[in-house]
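Below, chain A partners chain B and then partners chain C, in two separate complexes.
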Partner chain A sequence: MTATLTPSRAAARPARGGFAQLLHAEWTKFRTVRGWVASSVGAVLVICLVGLLATAAGNQSGPEGTSALPVGPGGQAVNDSFYFVHQPLQGDGTITVSVSSLTGVVATDPKSSRPGLAPWAKAGIIVKDGLDQGSAYAAMMLTGAHGVRMQYDYTHDIAGAAGRATREQPVWLRLQRSGDTVTGYQSTDGTKWTEVGSARLSGLSATAQVGLFVASPSVEEKTGTGTGFAPAVATGAFDQVDLGGRWSAGSWQQRQVSDGAGTSGSYSQTTKGQAVATGSGFTVTGAGDIAPVVGGPATSGVRTIENFLVGAFAGLIIMVVVGAGYITVEYRRGLIGVTLAASPRRGRVLVAKALVVGSIAFVVGLVSAAVMVPFGGQRSESNGFPVLTVPSGTELRVVVGTGLLLAVASVLALAVGTILRRSAVAITVVVVGMVLPYLLATASVLPDGASEWLLRVTPAAGFAIQQSVARYEQVVTVYAPGSGYFPLAPWSGFAVLCAYAAVAFAVAVVLLRRRDV
Partner chain B sequence: MEKTIDESEATIEVSDVRKRFGSTQALDGMTFTVRPGQVTGFVGPNGAGKSTTMRVILGLDKPDAGTATVGGRPYRDLRTPLTHIGALLDAAAVQPSRSARHHLLWLAHSQGLNAGRVDAVLRQAGLQDVAQRKAGGFSLGMRQRLGIAAALLGDPPVVMLDEPFNGLDPEGFMWMRGFLASLAAQGRAVLVSSHLMSELQDTADHVVVVGRGKVLADMSVRELLESMSEGRVTLRTSARNDAMTVLARAGATVSSTGTDTISVTGMPAENVVSLLGAHAVPFSEVSSHRASLEEAYMELTRDSVQYRGMMPEEAGR
Partner chain C sequence: MRRAGHAEWTKLRTEAGNGWLVLGVVALTVAVGAAVAMTSRCDAVGCGEDPARLSLTGVMVGQVVVAIVAVLMVGNEYSSGMMKTTLAAMPRRLTVLGAKVCVLTAVMLVAGTVAVLASLLTGRIVQPDRGFTEAHGYGALSLADGPTLRAAVGSVLYLVLIGLLSLGIAMVVRSSATAIGIVLALLFIFPILAQVVADPDWQRHLQQISPMTAGLAVQSTIDLGKLPIGPWKGLGVLALWAAGALTAGGWLLRARDA
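Presenting the complex of A and B:
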């Protein structure tokens, strides 16, 4: 009888309409519990409030007269600070130099110094769009410890041959401009040239500023209490300078580009930038760097956009409580029986719940971040703290990522709540598993190794999606969780969180289907 | 409520359902059918498996063996189950902070029904004045009504209520009784469980008596009473042994219930009187018990009562 009366599968299970009804029902469930709606609104307020408190200027004032950091062609904040011996080049042309030495001095205290060279001290040649900070450039250089490099537009770094320069064995560098393209070469003898790389600088002015430069970022000093950075200068000896193309009749000018310190280092009280002509060449001394701004000790007076979102963890806890309670209250009250009698396909019930609570948590995170990033930035700058500019794609990722972070965390809590059927236990599991590692790792209470391990293997890895500062091999800083650097890339860290949520969700679906209610 | 009920839709069939919880065989071959147009009482002592059977029917508990169907279809195949069967298993199953109306609203949305249905069932259950109040503040009786409203939401051909008389005041009791009768009169199949036969005495047309996970009797109330109607005769006599011998020889089942009382079954009272007269056995009192539904029930379920309280004299033994 059963067999003859049971309609065909297709007739019994028209999928789409059924799921839309389920989603509608779960949404009605959510919006008709005032506590959940209030908590969601409260989560937005908490994220904003914590963010404002954490970045409140209070009595402290920002670095004196610090203006906004220059922004490079890629949209990110950059340091563009170096000693420049230059003249304009009209149209295409070449510059060729030999570098016979690169030495440096590191300040040990305000009055004294010792010899020393930053690994990324730079002496070389550069083709630059103009003298404004942040303008496009391409450069060939010898570095303190990383051999010959071609770098352009702040973030790009191409390795040439390794090695150092000596008077007997100078390093030969050449840049050739051709339209928008600048190509870098190196040579050991000035006759056999090897191409290191080429850069397309779109919109490069017809008349570019071309010449010699020297820069030196401050030097990392390990002390008993941690890592500090000491100001350093570098001096490069350019023995021979050959020019090809339409140059302005050999009149070299010299200047310090950017007298503001930036975040890359500056002159100590006993050093200054200068260029001394030496026969056919120059000896140039300079400090600073031509590189993207990174987080870490040097940027203590600078805010990053994730600084305004430090409250996200608090909002996340609230949405975890809501996510877990969304299912556990049904178990506590026996309501789950009513739910599953109304919708016997249990996996779909959990999917609908996840969509509802996840969407709400997403909106909570998105709205909070979309308010706090611009508002916090504006407030910060009016208090004298410059904000580290990031490319708009990065900013978008941080804002949307905050929403995704809360969404996935709430779905994780929903899944754990389904598995454990008790809200207090489920909330504890998620908070201890996700928020606690995040707080421990980023508050610098653990050794860096332990912090990084936590941020790789626990769901706290997901917070990486909020990281706006980038990691560059060619810029030295403390790349540690305490200074805003997660061990995993933003989306990889987020993927770790998603993996946890996916596994928990799959287990929850299996258990929900298998168990008697 | 003007909808005509399709009789083939208005059935529940439970077929040889077995279910074990740990060491307890909760359902042990439970088999019965609920038919349209009548109220079927589902009665048995606590722990007999009534609620478990209902949970199996709703697909909430998975049976170890056997099948349960609603209108001929397994519950899980129903697309909008509440339009096939409305059930009230646990009146406390509401979220306390949600209003009665909102509780019904999400249920309605889950079945693709609109708010109009919600208002209709609120009126039917007499809850329209408290619809905006939080369900957490409801008395048990009001929660029962809310549960009834939820069961009626999909205007289903089958209605199944677990212990709906619990917590009702006399007025509510009468309302419920009339209400169940009206549902049956509309052609619906109505299954109502109770652990007290007296609650069903004037309500049910048909009873399924269960004990220890299986059906003990499945018949109309009239049949049940008739099957028990031969009843029992109590005899008070000073010549107990003589009376027992005479009656036993005539084929009755006789047992001594005291120094001067015996209980006779299997023989009508008038036969007992004439037989004793013919053998000149003296007696001082003959009383005939016609079985009530309650007694019939007690008789049926005597062996399957799991949690029976001991009488004081039993406790002393």
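Presenting the complex of A and C:
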């Protein structure tokens, strides 16, 4: 008697594509649990709702409280306000000048003032595309405390010789335009010249506005309770103005570029911008700055794009709950036994889970950030808060980074959940590790040193990837977590979070292999 | 009620890990408080630092462990099916909730008192070396000082109320994972949101309704005028949150099938 054994269909199926099958199995588990799908969709809504709440308030000082900030050639918001004595230059040419003094006045309260000079007060010469704010420029200048500088297009800063100017020992500056290139020189005697740097300003119009300028950002005032900024003006004395090239018959015009002084500084009640002709030059008084806008106390009426993404904290908590639950539920229901019997290579099970939950969290973050950044900006501006424009590359990094942040957080939660096998503890460990350090560091509970340390060594460092404001040596502000500045660069901060996730994941794989189910 | 309380106490006492968690409340609160006390300093008169509040910063970390204990008291019963047995043995459901509230309150009163006293003692020892001296206008931390006593008592009550809030939320959602997620979001999202909102009025209102920010106002001993809400009033806001969560949890416990 013979019986034919028919192999079952499962056994007949070829073993290839094992990982794809595993991935499909894990995806099916996720897809069919209503709570997880609802949570993921809910996370998108929560991120957007919290973001909307953050932009709901209107500016009490009205629409004209802070006007929209000009945008420079690099695509970022800039301050472009200074006192300008100028005339048009057609085609190529040079301007040479000697600066014999740079002094300043700081307003201590609305009615009185004291002598004082901002470290980055500027007096010098500038070649500028036009009189519009945010237009391309190159400038040679003497600064309050940082010597001679060549700066161009707002973000570029080249150091020249250090030192100050006196009547006996003036500082000589020269700018030479030739085509799109502007070259800056300095000299101590007006005969021997040293090149400081050169700038290519692509598309610089044939007729540029060239002349003398003075600007002074507000001055940092440290008090017992924090850092404030007081309005300041600077006065520069220019002599021996010498022009070469096709100039418009030597008639100088003067004006304050921009009515408001942006976020960089302004005139106090007792000061104003002016230029007075002296024997062979001018004495020019001005306030403001020609520099990129940075975060900090001075920009309290301005919103940054990461402000619209504050809901990511709530979304992160939801995705951490989902990520941890994705494995702990299997332990609770005993499903893990079946899963591991079906797929005995346990490391691969965890990799498949990480891929599924990480991808979903990534999409959640990406979609909500892609909605909130433009929408929040629009809402904010209609409420009277200008938005700090950033280059499109930075904006892309912030949006994609929000997705990555949620993805890595959910994988970290999955790994910690595997290690602890208890959802409540795993969720708390991850959320407290990521969110509480951020909260402590930005709420000014701790001294600055401790805050920065927290944001370097805890998983909260990962939030750096959402930072859109940049640091500039040539702009003074409070570069602290409280004003949106993380101690680590965006990708390095994110790498710290990734390192935590990688270590937790490795431990989880080892434990999963070693332990009985 | 006494027997219900005894039953809850037995469950809490014998559940593996709960002892460690309660120890964790004390250890984390004291350790974080000590770390903050050792890093903060006061360099001059009018430095604006609040020594009592600084030494009690650890409560911000200890509270999450309190939340875990409270959430697990309910979540574990639902996930293991124990809840059916509990309700079969004690059909008066509000008695079950009341027993849980009493046991949790008693345990957290003890753990909180130990944690808060140890934190203040650490502050008292460490802070004089960090510039909190008579010369800068600070006496050593002492419970004889009215505001410091209020901060101490208030911090213990704060921990208890966080536990009750978490218990109530866990009763509503019946899952430890979801409950702890909601508790952490309630605690942390308000203060983060308040930092971003540019309008000072909105900021103040957000801080006034935030369970954590308002509740921790009770720890302040200086510059009370600058607080978004008065110390006891702030703790009252947290008490309202806890009462709301417990009411919702109790109502659903009665109304729902287990």
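Assume the second predicted complex is superposed on the first by the 494 of 517 C-alpha atoms of A that agree within 3 Å, B and C clash if a C-alpha of one lies under 4 Å from a C-alpha of the other, contacts with A are read in each partner's own complex, and residues count from 1 in each chain.
FYI, contacts are C-beta pairs under 8 Å (C-beta built on N, C-alpha and C of every residue); 3 or more make two chains touch, one makes a residue touch a chain.
Small disclaimer: the values here were computed from a predicted structure and weren't measured.
Trainee: Check whether A:S251 is in contact with chain B, with chain C, with both or with neither, and answer first, second, both or neither.
Mentor: neither
Trainee: Which of the two partners, first being chain B and second being chain C, lies in contact with A:A342: first, second, both, or neither?
Mentor: first
Trainee: What is the contact status of A:G301 with respect to chain B (first) and chain C (second): first, second, both, or neither?
Mentor: second
Trainee: Quick check for you: in the superposed arrangement, does A:F385 touch first (chain B), second (chain C), both or neither?
Mentor: second
Trainee: Once the shared chain is lined up, is A:T32 touching chain B (first), chain C (second), both, or neither of them?
Mentor: After superposition on chain A, A:T32 lies in contact with chain B alone.
Trainee: Contact-wise, after the overlay, does A:V310 reach chain B, chain C, both or neither (first, second, both, neither)?
Mentor: second
Trainee: What is the shared patch of chain A, the residues that chain B and chain C both contact?
Mentor: Shared contact residues on chain A: 35.
Trainee: Per the contact definition, I'd like the list of chain A residues that touch chain B in the complex.
Mentor: 1-2, 4-7, 12-14, 17-18, 21-22, 24-29, 32-35, 329-330, 333-335, 337-345, 516-517
Trainee: Report the residues of chain C in contact with chain A in the complex, numbered from low to high.
Mentor: 17, 36, 39-41, 44, 46-48, 54, 57, 60-61, 64-65, 67-68, 71-72, 75, 79, 176-181, 184-185, 188-189, 191-193, 195-199, 201-202
Trainee: Where on chain A is chain C touching in the complex?
Mentor: 35, 50, 53-54, 56-60, 224-225, 300-301, 303, 307, 310, 313-314, 317-318, 320-321, 324-325, 328, 332, 385, 422-425, 427-428, 431-432, 435-436, 438-440, 442-443, 445-447, 449-450
Trainee: Which bits of chain B are touching chain A when the two form their complex?
Mentor: Touch list, chain B to chain A: 8, 13, 55, 58-62, 67, 69, 71-82, 87, 89-90, 92-99, 102, 105-107, 109-112, 150.
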